[in-house]
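Order as written gives the chain letters A, B, C and D; numbering starts at 1 within each chain.
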C-alpha cells in the first residue's frame, strides 16, 4: 500500500472514527423489566441448596454442615458477602466455589475432579448441586454489605493479580475484561455494560450474582460468569475455583465493597 | 545517569515479570476446550503493550513503533478493489459467531460489528463501545477514505495503537473477501448504512 | 432488580419466614373441570390455520388491553398480560395468547368462568421478531388485539 | 424435592389477585442436549386455579410457555383467609399442586 501519499489526510480521517458518546443505553428494556416483575424462580433453587447443605453425601457420608465458609464451621449467614478470603487450612484465597470444592473433598471425601466436572449445568440440565448451594449461601447474605477480607497479604495480592488479569489482552480478538467493562454508560448490542473499575459498577454487578438467567432457566454463579466472559473473549475454558477465577472475583468484590448483596439476581 | 538507567531497566523488567505472572496464572487456570487451546493465552508485543488501563501513561516512542509495524503489515486488496458486495457484508456485520469454543469452527466467522457500532439506523440492537457508523458513506468515497477504512478494518492499531477493536484482517478473523464486503456495506449508497435516518 | 422478594418477607432467612406459606406437592389430586384441552388449536403451524382452528379470523377490538414489551431482552421469556374491559366487551369466556412466528402459534388458552375477571398474565417464548395476538372469545365470537415484539440478539455473538 | 410451586393470593379492591410460579422445564422437544440427543417435549398442559373448591381459572398451555412458568389471574368473591389452590399436570403425566391463603 502506498503509505506516504495520503498521510497528510490521515490525521483528519482518524478524527472521523473518533468517539461520539451515546448514553441512552438504559431505558431500552425498562418496559420489559417492569412487565417481568419481581418473581424470581431462583427461589426453588435456594430451597434445594439448603436441603443439599444438610444432606450427608460422599464416601464419608457427612453433610456440609461443618463446612467453614470463613465465619466458623457451619456459619452460613453473612459468609458469602465476605468472600473471597484466605483460608489457612487450604493455604490459599478461595471464592465460594473453591471453598465448597474444598469442603466436599475434605469433609465428604469426594473426588475434586468430579466436583469440578459437575459444577455448572450443561445444555439441557436444570441446575447442579453446586449452583443450588451457591444460590442458598448467597441468599443468606442478602441485604448485607459486600466486605471481602483484605487483611491477609495473599488477599491483597489476589486483588492486584485480579486487576492485572482484568487488563490482560490476548487471543485472536485481542480482548480483555477491560474491553467491555472499563467505561461507563456503554452497551454491547442492547445490553448495558457495567464499568467494573468503578465502585458503582462493580457493586451493581457483584451484588446480583449468583443470578437466575431467564434465557437459560437456571441459576448461574459468579464463577460461571467469569468462565463465560472468558469464552466470549475467545479464551480457553476457565477452571472453576482456579487462581485466575478467584483473583478476578476478588478484584470485583473489593471494587464493589460497601455495596449491598441482593443475590440471587434476575438476569437476561 | 546510571541510576536512571537502572530504574528504567527495573521498571521494564518488573512490568515484564508482571505480565509473565499473569500468563502463568492464566495457564494454570485454564484448559483447552474444543478447538480453543491455551496457546491463545500467549501475548504478542502489541497485546502485552496494551494490557493496561486507558488512564495509564503511554510510552509514546514504543507506541509509534507499534503503529508503524501495524501499518506496514496492511496489504492492498487484490486489484486495489476495496469494495465487494454490501449484501454479503451486511451478513458479516450481523453475525457474531466465530472463534469462541462454543462456535462451530467450520462456519465462517462473523464481524459482530453491531456489538459495538450503529450501522443500519433501523437496527435497534447496536452497541456503543465504538462510534456510530450510520451514514458512513456520506463521509466520501475517495481513495483516501477507502484506504483509511480498509486499514482500520485490517489492523486498527495502525492508527490507534491500543484501540479495543479486533484486527479483523491481521488476526485472520475475516477473509479478504469478507472485508471487501464489509467495506461495501459501509460505503455503498444502496447499503442500509447509508439510508436516510428514519 | 436484585430485590425480588415478592412477599416482602425476606432479607436473609427467606426460608424461615416464608416456609409456612409453602406446601409440599402432596395435595389431593385434581378437580379437573369438564372442559377439554383444545388440542387441535395447539398443533397448527400458521396463523391462518390457527384462526381456522379457532373458528374465524377475530375482529379487532379496543376493549382488549394487551401488554407485551416492544423490545424483549430475551425471546425465551417474554411477559404477556391480557386484560379485557368487561364494560366494553362483556361475557368473555376464553382468552388466547398467539405468537405469529412460533412453530405452533397458540401458546396459551385461558378459560374464564364467570367468577373470574377476563385477565391473564404469563410469559411465553417468542422465536423471532413478529406479532403477538391476544384473542378473546364471547359467545363463540372472536375479538383480538395485536402487538409487535422485537426479539433482540445478545451482545457477545448471539 | 422441595415444593414445585409458589403461590401468593392478595385481596385487591374488588377482586383477588393470584400470582404463581411453577417449577418446570417446559421443554419444547426441539432442543438438543450437549451430546446432540433431542430432549423430549415436557411441558405443563393444564393448570387449574381453585378457590373454595370452585375452579376460578382453567388454563391450557403449549410448549411455548416459558420455563419455570408464571401465572397471574384475578377472580371475584375471595375473602381473607380463604384457601387458593393451584394444580398442574404436564404432557408426561406428572403433576403438582400447592395452596396458600388469601392475604
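Methods note: contacts are C-beta pairs under 8 Å (C-beta built on N, C-alpha and C of every residue); 3 or more make two chains touch, one makes a residue touch a chain.
Everything numeric in this text was worked out from a predicted model, so none of it was measured.
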item	value
Which of A-B and A-C has more C-beta contact pairs	A-B
For chain A paired with chain D, centre-to-centre distance based on mean C-alpha positions, whole Å	32
Distance from the mean Cα position of chain B to that of chain A, given in whole angstrom	27
Separation of chain B from chain D, taking each centre as the mean of its C-alpha atoms, in whole Å	49
Residue numbers of chain A (touch at least two other chains)	28, 37, 39, 43, 47, 187-190, 214, 217, 232
Where chain D touches two or more other chains, by residue	1-4, 6, 19, 66-67, 70
In chain C, residues with contacts to at least two other chains	6, 71, 76-77, 79, 81, 123, 152-157
Chains grouped in pairs wherever the two touch, ordered by label	A-B, A-C, A-D, B-C, C-D
Contact set on chain C toward chain B in their complex	71, 150, 152-158
In the complex with chain C, residue positions of chain D that touch it	1-6, 8, 15, 19, 28, 30, 45-46, 48, 50-51, 53-67, 69-77, 85, 87, 89, 95-100
Complex contact set, residues of chain A against chain D	37, 39, 41, 43-44, 47-48, 51, 122-126, 214, 217
Chain A residues within the chain C interface of the complex	28-29, 31-33, 35-40, 42-43, 46-47, 50, 77-78, 139-144, 187-191, 207-208, 214-217, 232, 262-268
In the complex, chain B residues that touch chain C	94-98, 100, 103, 110, 112, 114-115, 124-125, 127
